[in-house]
Amino acid sequence: VELQFFFPVAVGGKAAETIQSLTDEYVANNPDVKIDAVYSGSYQDTIAKVITASRGGTPPQLSMALSADMFTLIDEDLIVPFDDYLKTDEDKAWLEGFYPAFMENSQTGGKTYGIPFQRSTPVMYWNKEAFKEAGLDPETPPATWEELVEFGKKLTKKDANGNVTQWGVRIPSSGFPYWLFQGLTTQNDVILANSEGNKTNFDDPKVAEALQYMVDLSTKHGVMEPGIIEWGATPKAFFERQAAIMWTTTGNLTNVRDNAPFEFGVAMLPAHKRRGAPTGGGNFYLFKGASEEQLTAAANFVKWITGPEQAAKWTIATGYVAPRPDAWETEAMKTYAADFPPATVARDQLEFAVAELSTYQNQRVTTIFNDALAAAITGQKDAATALKDAQAQADAILAEYR
Amino acid sequence: MNTPATDGRPGGQEILLENVSKVWGAHKAVDDLSIRVPAGTFTVLLGPSGCGKSTTLRMIAGLESADAGRILIGGRDVTHLPAAERDLAMVFQSYALFPHLDVAENIVFGLKVRRVARDEREARLKRVAELLGLSALLDRKPSQLSGGQQQRVALGRAIIAERPVCLMDEPLSNLDAKLRHEMRVEIRALQKKLGFTMVYVTHDQVEAITMADQVVLLNGGRLEQASDPRALYQRPETPFAARFIGVPPMNVLPGALLTDLDADLAAHKVGLRPEALTLAERGPLAARVASLEYLGADMLIDCEAGGSIFTVRLPSDHDIAAGTDIRLGFAAQDLHVFDGATGHRRDDLAAAAGGRIAG
Amino acid sequence: MNTPATDGRPGGQEILLENVSKVWGAHKAVDDLSIRVPAGTFTVLLGPSGCGKSTTLRMIAGLESADAGRILIGGRDVTHLPAAERDLAMVFQSYALFPHLDVAENIVFGLKVRRVARDEREARLKRVAELLGLSALLDRKPSQLSGGQQQRVALGRAIIAERPVCLMDEPLSNLDAKLRHEMRVEIRALQKKLGFTMVYVTHDQVEAITMADQVVLLNGGRLEQASDPRALYQRPETPFAARFIGVPPMNVLPGALLTDLDADLAAHKVGLRPEALTLAERGPLAARVASLEYLGADMLIDCEAGGSIFTVRLPSDHDIAAGTDIRLGFAAQDLHVFDGATGHRRDDLAAAAGGRIAG
Amino acid sequence: MTAAADAPARPRRRRFDLDRTLNTLAAWVLALMWILPLAFAIWTAIHPSAYEARFELLAPLTFENFEKAWAAAPFARYFLNTFMLVTLILAGQFLLCTLAAYAFARFTFPGRSILFTLVLLQLLVMPDILIVENYKTMRILGLVDTIPAIALPYIASGFGIFLLRQTFMTVPRELDEAARIEGSSILGILWRVYIPLAKPTYLAYGLVSVSHHWNNFLWPLIVTNSVDTRPVTVGLSVFSAIDSGIEWSVINAATLMTSGPLLIAFLLFQRQFVQSFMRAGIK
Amino acid sequence: MTTATGRTRVPMLIRSREWIHAWLLLLPALFFLFAFTHVPAVMTLWNSFHSTPRGRRPARFIGLDNYERMMGDPIFWKVLGNNLWFAFGTIPLSVGIAIVMALWVNDRLTGRGFVRMAYFTPTVLPLIAVANIWLFFYTPGFGLIDQVTSSLFGWPQTNWLGDPATALNAVIVVTVWKEAGFFMIFYLAALQAIPPSLVEAAKIEGAGRWTIFWRITFPLMMPTTLFVSINAVINSFRLVDHIFILTNGGPDNASSLLLFHIYETAFKYWETGYGATLTVAMLAILCALAIGQFFFFDRRVHYK
């Protein structure tokens, strides 16, 4: 059988290489299967390519796409659940073997549509040297919201003119601000959307509270740069000591390890009412239009590539979180974790993690939400109003899915 | 009469314009013009600036469509034929050299287009370049040439093709007298040798008179006179034609100025060429010298008589000063009379008047 | 001598070229040329095509930089001054009309640039347009004009400014004889009236001789002779100058052809103008008539003598046929002798020889 | 870099020209501003990433970024593909646009305005909007995952037609006429007169078109699947990953690597621009 | 284009021959234009009257519903306003700078080769990569602009892209940078075609650089200016690639432009029906602006 498999890459060159080599390895061991692994750009490009190809009549059989896009893909009637190709008990057991936090975004209505693979979660990085300079214990990151503010104030430095030269905290708010913000809402013990993906909670006062906290970091406490903070420049800002603490994805682990000119630590996000963080990243999906044989082969490939050895290789190469505990039991992984303890932080945080915001018409709804966040952060609206407006818009869109 | 243009040495072809007109907006540039250019002859279009010479030529070439009338070349109605199919050569008033091609390429352009073999092209190029004194300039671009050199290149492009019809629009106007004289002779010789039909626009009457088999004189888009150059000079049909040919122009004066003649010309106009007038004690024309202009071998004398100014050309060895009163005479056959009403030539009156002068 | 160009009616300014050269690649277009154009005079640059006339003019204008030498205008060294600062007017050989401006705008362009008041501009435009016969064409674009009309517009643009120095490059070459004659007189009158200095390029010797205070004859980029036109005609310094001026050109013949003279001219060349020769039973020059060309008032006779061909101009009333043997004479002062070795004029020999002819 | 070729050095002193000096100065200031992104790209590409934001003269040089970039994808093959792609597009565009522009510039025929409007419309319609439809077409033609599939939608370029029309309109009519008199056919005139005279425009258009298609990304990504057909931009895009932060050193090294041929091509051709083949041509 | 007046008899033969030739010349280009632009574009128009097909729900004809929705869509009006501001910011600046650049580079200038290449770089570098570089320039704190302004003037950090007041203007700067270098190339080509004798004649008349430019060079470059300005108008609606990198339309749509919004609608939300509607609206605006501009100016432009 021949399979076409689209995969996006979001963390730089190594990832593409690894997927390619894993695929080659599989094909070498399974001569009856031919897999054409096609690099398909960013997640955004991948969706475009998948939908264009499907509408053009030549969908791929297998693709990786954002876990949050599950409802969209269902809505477009493009994917089929894995369940039909995982019939044996062994298969069912295998399915149980993923971290539950990752499965939240992968299942709906009792069916499994996505298999987690290229998954991540945000963590907090801190600059130990800056902590030392500020008179803080370099080994103790802030563990609560209050501590974050408190530490942040100590870490914020100004020059003679009163211009800030180092900010305490950096929570990026460009691109997909809702994701990191979801860390705050989770910590404030509120869920942004239901698991059916047809109702949001944007106007919950707890959400407003979380948003207010985020806004206050710059406006009230002065520990974070005001305005929209660029996602892509965040690691660099961290390296350049523009910010002593940053929140960003585990996908940056390798990057930070390679490039930070100082000692740094990695920790779970601080807690408030509870600990918490969203998951993120990509799942495997099976596509309509393929033959049974192809889909079975695709499912087998997915089973293989998410297997312990493969997932370990993947995690070590990219910094993504291996999606199954058994991967962490492999020798390779153990050595890696021992060698680089921060690698386990994300895994450990999974215990507290929730699904990434995901609804029907996901991109539109999240864009509405993002705009509300931006409006509050840039001071155009207060937090509560912004969120209420967003909720009203989201409701209008999602009503038809209830 | 219709010579097919098959081989390398085609004879000329007759050109016929029948009631051709061309209108620019409200302005009639060419107005109901009929001309016959016999095959193999050299016809010059002459006329003042803006009279429609270039326009006429361009209509023959097919670059301008006629608004009315028919054009025939070699008996074939070409009125609606595109320029490329009329099989003729042309020199443009503005030269129209291809700025991106060098002199050699400009000259052989047409041969290349018609896929003349390389050897043949080279040979002809060599001949033409020598004839035009361009041999040393063959690989220059037009922008590196002087005005006259550019004109010669344009000329070369037209004559190298040896087409049955050749059109030239003031091809010599930028050349010096010596070269012009040579080119005049050369072009004429070439035309005679190859036998093609030439329509040649010029404002230079020396060219017109020395080269032409037929001169077509235009005025404001209309035909003024078409005849052989000698006739044009000797028997101009209208005062316009009379004054247009000959430098300095013929003096056209009120008939009343000539006294003592057999015929009464008071109602008419008389024409007398400056070179036809001579100092004559008892001449019929009394005048006062207003000014003198020295011209090398000759001198021009502006005279005044009865309120009219006119010019006399005399050999420069005469000793005349401004202000003197003189009397002038002329030979009988040099008197031209134009009807006061129609403006047309009246040989009858001239003959009548002449009897007395000769006598 | 140096008239400042302050008011509207500036006098002319002297132009001085000192050892000016211009090289194009390997070709010396202008070669060590020194000329003095006195303030307020009319100087004509004359010479065969490609001899460097336009290049010289462009160097004076500042459009071409001189490769060597100095240029002074009104005593000011302008060698390195840009054209815009030299305060002169110029007519280009290619007209260089602005294609996007209409005739009126083309003519007043310079006035506008210099912020001449609107009324003044209009008034001058009206005058110039009338002078040039352009009044009816003022709102046409150059592409809608005939060649001669374009040239007149270029002329208008130059003269409307009334600058202290005016340069013209063959400004009349596309005009018909009548208009040309008028323009010649007009330009000369204007120049005299306004007193500006004129440098005028032409290939037309009639223009050169009738208009110029001084004629500068160039040959291959070098100065051949600079003198007043009468002198150029009557006392050419070299055979080149002798043949260049006068149509048809002076006959330059081996001295040996003239027999029966007092001086032995066998080693030298003699020059005789076609119009200087007359039929004379006992003239010193025997020849056979080869061909005749009819020219209106005159005719040109090509004669052959001792292997040389030469031309004689006679009034057309003579009755001569090709093939007849004739003898020709000339007046003593019409004989020019050029040294066989240096090519320079030898008046001593001419005088010596002349004694006998006159006798 | 061109000064020597421009003018034979004059041994003469030139008057100090304030105007010219000011102009030169301003031109240089602007040039420095304009080249800043390129300069930054070069700086980061040849230094370790620690120097991305620190501009120290003595920063250590490295070639590592280029090595990393080169290793990330089969760039050699991608270059070949891109080269074939732009050649195909350019050839097609030159041919089709020239013919069409000629028709619009020098022929009168019924429907000219309407057709020209349709051409201008193509300028307005962004090709990305049509991706889905065009993909369908390519599938019907069986061209998905081929280089012609990337090229075909672009070879009739409204931009090119419009540009060439504007240029052809400025060619002096007498030259056209002279060629016609010499017996040139319609295509002959186009080939021998219009095209040579529009050479600067072709050069400009060629450079612009090549750089545009060299850098085009979305459509090639979607319509191709295999290494044998994909252009360099697809390889380049691996570096504009969004999850991790921007690594300017590697991105810029990769950008320089992929745009290098274009820069070199421009350096080679730029002289032609100012060569002045038209200089005084139409005197 | 020149003469149609006063033709009494139409020489049919010549005419129809011209028609056939013209059509033959146009045929290949038109074929491709239709196949890959116009037919798909008409499909877009067709889609705009339909609901977006989603999975099991095929598209329905909904008449003008999408248009009504557009009229009531505050983001549509917001991005339209942004786009006008963007157009007013980029068009005059980029065209003006392009002309100045072309004049400089066409002149004898010390280091002309370098200057020319500098101006040309925007065309060579892919916009996406360039956007990343500009992102760095704009980054607060360690970005180039902040580094320069803080070391020279002691200014505080400025979040150019993160502040709704400056985000769009920051994008405009990048666009002008990109466009001016691009347009310069066409002006350079146009300058080459102006007969130098005209400039010489103007110089003789005493015209300075300024006058020569305004009264001679500029009018003679009108065909190019027409071309460039139409492209500038179109590009002010079309050039959005860098927005994806620089601001993603934010904050809160402050730097979102019409086409960016269309992209989001069509390729992020996959609302093809509404996306088509927005596209039609944009085409209508562009037609009115660009094609109107063309037919208004074309007959005024002097071509030879």
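The chains carry the letters A, B, C, D and E, assigned in the order they are written, with residues numbered from 1 in each.
In this text, a residue touches a chain if its C-beta (ideal position, glycine included) is under 8 Å from a C-beta of that chain, and two chains touch if they have at least 3 such contacts.
By chain, UniProt protein names: B, C = Carbohydrate ABC transporter ATP-binding protein, CUT1 family; D = Carbohydrate ABC transporter membrane protein 2, CUT1 family; E = Carbohydrate ABC transporter membrane protein 1, CUT1 family.
What you see is a predicted model, and the numbers here were worked out from it, not measured in a lab.
Participant: With a step meaning a move to a chain it touches, how many steps does the shortest path from chain C to chain E take?
Facilitator: 1
Participant: Show which chains lie in contact with chain A and also with chain D.
Facilitator: Looking at chain D and chain A together, the chains touching each of them are E.
Participant: Identify the chain pair with more contacting C-beta pairs: B-D or A-E.
Facilitator: A-E
Participant: For chain A and chain E, let me know how many angstrom lie between their CA-based centres, rounded off.
Facilitator: 37
Participant: So, what's the distance in Å between the C-alpha centres of chain B and chain A?
Facilitator: Each chain reduced to its C-alpha mean, chain A and chain B end up 92 Å apart.
Participant: Take the average of all CA coordinates in chain D, do the same for chain E, and state the distance between these two points in whole angstrom.
Facilitator: Inter-chain centre distance comes to 16 Å.
Participant: Where in chain A do residues touch two or more of the other chains?
Facilitator: Residues 48, 51, 175, 232-233, 236, 240 of chain A touch two or more partner chains.
Participant: Could you say which residues in chain E touch two or more other chains, in rising order?
Facilitator: Chain E, residues with two or more chain partners: 132, 135-136, 142-143, 195, 197, 245, 267, 304.
Participant: Where in chain D do residues touch two or more other chains at once?
Facilitator: Residues 52-53, 132, 172, 197, 217, 237, 240, 246, 248, 277-283 of chain D each touch two or more of the other chains.
Participant: Hey, which residues of chain B end up touching chain D in the complex?
Facilitator: 61-63, 82-84, 87-90, 92, 94, 96-101, 109-110, 113-114, 141-143, 150, 157, 161
Participant: Using the touch rule from the top, collect the residues of chain A that touch chain E in their complex.
Facilitator: Where chain A meets chain E, its residues are 44, 47-48, 51, 72, 74-78, 161-165, 173-175, 225-230, 232-233, 236-237, 240, 242, 361, 363-364, 367, 370-372, 374-375, 377-378, 380.
Participant: Which residues, counting only chain B, touch chain C once they are in their complex?
Facilitator: Per the touch definition, chain B meets chain C at residues 24, 46-50, 53-55, 93-94, 144-149, 152, 169-170, 173-181, 203-206, 209-210, 230, 233, 243-249, 273, 275-276, 293-297.
Participant: So in the complex, which bits of chain A are touching chain D?
Facilitator: Contact set of chain A toward chain D: 4, 9-13, 15-17, 36, 38-43, 45, 48-49, 51-53, 55-58, 120, 175, 231-236, 239-240, 248-249, 251-252, 254-255, 259, 261, 281.
Participant: Quick one: which bits of chain D touch chain A in the complex? Just the residue numbers, please.
Facilitator: Residue positions touching the partner: 49-50, 52-53, 68-69, 71-73, 131-132, 135-136, 138-139, 144, 217-218, 221-222, 225-226, 234, 237-248, 250.
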